[in-house]
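If you scroll down you'll find the structure; I have some questions about it.
Read from first to last, the chains carry the letters A, B, C, D and E; within each, the first residue is number 1.
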Amino acid sequence: MSRGPDKEYEQLRVSGLHAFYGESHILHGIDLVVHRGELITLLGRNGAGRSTTLKAIMNMVGRRTGSIMINGEETMACAPHHIARLGVGYCPEHRGIFSALNVQENLTLPPVVRSGGMSLEEIYTMFPNLYERRFSQGTKLSGGEQQMLAMARILRTGANMLLLDEITEGLAPVIVEKLGEVLIKLKEKGLTIVLVEQNFHFAAPLADRHYVMEHGQIVEEISADELDAKQSMLNDYLGV
Amino acid sequence: MSDQFVLETRGLVKEFKGFVAVDDVNLKIQDGHIHALIGPNGAGKTTVFNLLTKFLTPTRGQILFRGDDITAMKSAAIARKGVVRSFQISAVFPHMTALENIRVALQSFEGTSFSFWKSGTSLNKLNDRCMELLDSVGLAEFANTTTVELAYGRKRALELATTLAMEPKLLLLDEPTQGMGGEDVDRVVELVKKAAEGRTVLMVEHNLSVVSRLCDRITVLAQGSVLTEGDYQSVSADPRVREVYMGTANDKAAKAQTTATQETVE
Amino acid sequence: MNQPVNQTEIKRAILEQQTADARKKMILNGVLLAILLVAPFVMYPVFLMKILCFALFAVAFNLLFGFTGLLSFGHAAFLAAGGYTTGYLLSNFPGLTTEMGIVAGTLVATLLGLAFAVLSIRRQGIYFAMVTLALSQLVFFFFVQSEFTGGEDGMHGIPRGQLFGVVNLESNLNMYYFVLAVFIACYILVQRIVSSPYGQVLRSIKQNEARAVSLGYNVNRYKMLAFVISAALAGLAGSMKSVVFQLASLNDAHWHMSGEVILMTLVGGMGTLLGPVVGATFVVNIEYQLSQGPLRDWVDFILGGIFILTVLAFRSGIVGEIQKFMKKNLG
Amino acid sequence: EITDNTVKIGYLADMSGTYRDLAGPNGLKALEMAIADFGGKVKGAKIEVVSADDRNSPDVASSTVRRWLENDKVDMVSGLVASSVTIAATKILEENDKLGLVSGSAASSITNEHCTPNHIHYVYDTYALSIGTPTAIVQEGGKSWYILTADYAFGHAMEADVTRVVEANGGEIVGSIRHPFPTPDFSSFILQAQASGADVIALANAGADTTNAITTASEFGVTQAGQTIAGLVVFLSDVHALGTQAAQGLQLTTGWYWDMNDETREWSDRFLKETGARPTMVHAGIYSSAMQYFKAVEATNSDDAQTVRKYMMENPINDMFAKNGRIREDGRMVHDMYLAQVKTPEESKDEWDLYKIVRTIPADEAFRPLSESKCKLVAGK
Amino acid sequence: MSMILGVPVAVLSGQLLIGIINGAFYALLSLGLAVIFGLLKIINFAHGAMYMLGAMATVIMFDMLGLNYWVALFVAPVLVGVFGMLIEYFLLRRISGQDHIYSLLLTFGAALMIQGVLTNIYGVSGLRYAMPDAFKGGMNLGFMFLPYYRAWVIAIALVVCFGTWFMIEKTKLGAYLRAGTEDAQLMQGFGINVPLLVSLTYGFGVMLAAFAGVLAAPIYSVTPVMGSHILIVVFAVVVIGGMGSIAGAIVTGILMGIIEGLTKTFYPPASSAVIFLVMVVVLMFRPTGLFGKEA
């Protein structure tokens, strides 16, 4: 199998996506394309609608219109569990650790949707903290440990497209560094990654392209090599 | 002697079913300082906070506030003594306006909190102080807005203002910048600076730039016990701290400090 | 921080809003009062009194449920305690005037409420509901076993007597205006409580208990006071009911009654002042209408349907939905 | 003078709860049959019916009856099943001086301490029930008794009555147990009754409690082991529910049975056609009492409660329900009662062929003599 | 004869055994309730009605179709389970995510409706159901006569209880269920068909109630109101055990059967109240029930 970005294969194409929570209209026509093996980021200020974009892809918002193609398949009519079975792994903003389950159960919970996921050993080597606490109740972990668990959980399933929402949130710098390494490894394995990040310094060296969002719209697309050139514009958007 | 320390813990221990989350921690926090508690994930920082405010009961050890033993006090009593915390997840009263949120805090000094026969308008005299506090965090124009409708960053600001309304002597902040982007972080840093005038702050924070900008003194926790303590320079130069916590993120700063002596306080 | 904001203006806006709200409330209350004053000339007074008693009961319950966030599943115990006490005293001590009997009934319910509160207030959520249910079942057992309640047969022929020894309550009209006066007083009291400094604390506890604790409030004491006031008012409702109907029965103590008051509150709109009143009126009416008409074999069925409809279609209750509608369409 | 030229009747009964089947909607049918049989009119005045479900609640009963009498011009209230409902209703009837014809209630206190000049207790009462069965059983040799009592006023009264009758006939009460009302599972109590070794286990309870106790007794082999079960308050609808398999041999007292003579059979056939079920004694009582009431109204040309009641007291009742029944000053309608025994499955021809009438208990024996009455209406009280 | 507190030992052992048998009923009923609350956070006030439907279905199927006990033992719970799933699909689903109290009201409403319809068709005196031939009679244990049927009840109830506990606590499916309770949306995001799972769980919970109903048919009088009496007691059992705790429901069910049995011997009138007394006392010392997780 070919590894590395496959510019021909469109893993995800979102066009004209609108999303609503009840009566509030949050996304106003999002268009984006992600190819296999790419890592893209969604940047923007708080409330720009980045998390909502990921949720809309998973069909977890109140109402949405437009089109979302995954692996060339239209998914507007699909229930979330169908979308997951197309090989999408979603790591939500608020971690979603299950308190009824212990760490190991949390890890093994999501069904494997594709072959090629990581084994428990691999995961425990990557996150030794989790190994130590593997029989603790999920929500008794510290904030950071929960974040690791949430990330680790979807690596097991073999999903080949990951939607990651603020995974470095609340993590100690060492762990953040480690996560960066993990993402690079995953990219090498050919996974497609959509990353929502607040921590631009973390995201910048990893990503192939950046989308900048504001008020529920994509206002700029910046590729990795344009980054330096467009730095000041970016600063304006993000208020860094 | 000990009255230069606002807060002191002696041999603080918390065990969860055989797992020691906090292990013999001796903290000494100086009056007027902004003191940071940092450390790897799971080091026990939040747990220490919970112990200080009695959301958890210590397994062993003592907590002294201005020399008084407060180990046996209840949460509410500790809050009234002036040890007030903010939460890691924003804690507001969602269906009250911003002004009412603050008024509830102010009200606890009024002594009319059980007066169920008094008219609600009797609280209007607190409005001035509420507005002052709101203004100090830049929320004056939202005084009449229901809190649910506020953006996340503003909720955090409101929460801080509410906390300040308690006139805390010691303010405990758990990751005040978590989930915030650049501009908001700056705003919080300013807020905390302002709030720290005339009082002591103890904060947990992962954002090193915030820590370096704000804090007078830093205690590093690892696996439940104190690894080291000092100012930012000395702590960030400590190879042990870099190994367990900071990684190479701070290399630049660290390089400049290679010669600095590692000074560890007790 | 940097925008120039006119603080005085904002404060004035807040005050203006308060007065506007107060005026709206006054007008609404005035209209309602007028209706209630003429009602007995249009409708059968005893039936109106029944509605008022249940409305008071629901208002009392709502103080706890709607405004403090505590779901008690044992309020029937207070209704019955008030009713039996008043009934017993008025039947056995002819020297007592009616209002003395009612005050005594209310007092007993208050004390019972205090006992309930002490035993239950520390429990959370569904456990709180269940402890209150269990306690009320024990009270029920006590009433079943006690001689003075008349057991299954109930306590009959309670004299209505003379109010303050002068006003003859045997007359339905006199009785009605007495009940109305008590009801209005209680309604105003609850209105006052809700907006009082204490009411603000209750609101904050309901919305975020942990935060209220961290602001230095000993929340259990506040909850307890709310419980006791609510029990007292429920007891008062029971006392008056026993005088109006000259009857106190186990029905009042049964857990179905605790369920019924929840239904009334929800149908009317929990957490609103008028909701429980509207809810009680609606439920008492519908039960009466159904039990008389050709659908009388289907009362349970239809009540069940109303439960479901309320929950599915208008969850904020009648008053809540109207408020929502007004907000949406009238700003 | 019949007020407003209508005779308005309120039918109040449990339409949906425990006592639904012994009176309930079919009782209303019986009342309507009576009106139809009387031609829908008395002396040119239209007969109207309103009805309500009392939900077994004295509260509901008292407010409903009050409204009927004070607001809706009802002249007579019929039905009246649960004793608590009846007592509540009769207080209000007395206050408003209207008439109540009680057909469903059991408590003998209704014409004793709770008697009023405004009601008539028509079909049966606990006193009558406790006379028939115990007397017969003790005389057949069932000397030692164990009583299962429903733990409320009715059960206590029943227990006292039974104790008195058993002891008067030379029997002995060896034990009793008070069970909560209602009790879904009787095995503990049956076990204790079994262990007592008494000849007879008497059930001083009613409705579902009685049927549950009988089912459990049959399961635990009580009768096989030689003990007798005596149901004290058992209706045709209960036995029908139990079936002859479980209830066979059970002795019980009843005020009426559908299969006694041509007259009863003829009426009950009509009832069966209307309702799909055979009538209980309460259904028959509702029909009969209504007919008697209409006759009285017709004869006196009045719907005034006292006038009608006086006429009814003066004229003996002879119809398909009772022969030579008469109404006493305490409001008790006294008539013959019957001791019946439930048939075996082999004897029973169809689902409603349930009783053999074993003995007739003469009216004078069946009801509490006036000399023992605590009723305020009885001369000399 | 030896006595304890004035009660012969033989009688006492009989009462204990009876207590355990009744406890098995409680266990079965509270188990279903605990499954539904623990996993779906639905306070199922229709549980009594489902129990009743199980019993009614058994009788009606026999009367109309001649289906015997053994067939009913499987068919009735399945029918009721499917009916429960319909209720879940058409009603409960619409209020998922709302406060618990709404599920309580909704199911209470549904129970009233079901009960209302059946009362109008079948009356309240009860339907009769003959004891299956295989269970006629019983054995003499010396201290009591134990009908075969009661022995069967306790055996089958324990097997079903244990099976359910095992499935929920020890299998993958159980883990899905437990996790689905906390964050259904996320579970769905992992590729699990949560709505179906919810329907099935509710269906399974009410199936347990219906199963208890079938077991009850030959020994209790089968009436449309039989469920409403037992409902509140079963709720008490679940609360004492700790809302949502599967093992708690089972153990407490049996325990309460025994306590009730003993009360029926020593102070019978209190036997209907004793459970509530126990509940108050237990919650005083253990705020979340005997087996409940700390809040």
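A few comments on the model shown:
Everything below uses one rule, namely that a contact is a pair of C-beta atoms (placed from the backbone, for glycine too) under 8 Å apart; a residue touches a chain by one contact, two chains touch by 3 or more.
Keep in mind that this is a model prediction, so the values were computed, not measured.
Common neighbours of chain A and chain E (chains touching each): not present. Distances between chain centres, each the mean of the C-alpha atoms, put D farthest from chain B.
Chain pairs C-D and D-E differ in how many C-beta pairs are in contact, and the one with more is D-E. For this pair, chain A with chain D, the centres built from the Cα atoms lie 76 Å apart. Between chain B and chain C, the centres computed from C-alpha atoms are 43 Å apart.
In terms of their C-alpha centroids, the spacing between chain B and chain E amounts to 49 Å.
Taking each chain's centre as the mean of its C-alpha atoms, chain C lies 34 Å from chain E. None of the residues of chain A touches two or more other chains.
Annotation for chain E: residues touching 2 or more other chains are 116, 119, 269-270, 272-273. Working note: touching chain pairs come out as A-B, A-E, B-C, C-D, C-E, D-E. By the touch criterion stated above, chain B contacts chain A in their complex at residues 16, 19, 39-47, 88, 151-153, 175, 178-184, 206, 208, 243-250.
Contact residues on chain A toward chain E in their complex (touch as defined above): 58, 60, 79-81, 83-85, 90, 92, 96, 98-101, 105-106, 108-111, 113, 154, 157.
Per the touch definition, chain D reaches chain E in the complex via residues 16-22, 24, 151, 177-180, 182-185, 187-189, 191-192, 194-195, 207-208, 211-212, 215-216, 219-221, 225, 235, 237-238, 240-243, 245-246.
Interface residues of chain E facing chain D in the complex, by the touch rule stated above, are 8, 10-11, 14-15, 18-19, 21-22, 25, 116, 119, 123-128, 130-131, 137-138, 144-145, 147, 149-150, 218-221, 223, 225-226, 229-230, 261, 264-265, 268-273.
For chain E in complex with chain C, the residues that touch the partner chain are 43, 91, 94-95, 98, 100-102, 105-106, 108-117, 119-120, 232, 235-236, 239, 243, 269-270, 272-273, 276-277, 279-280, 283-284, 287-289, 295.
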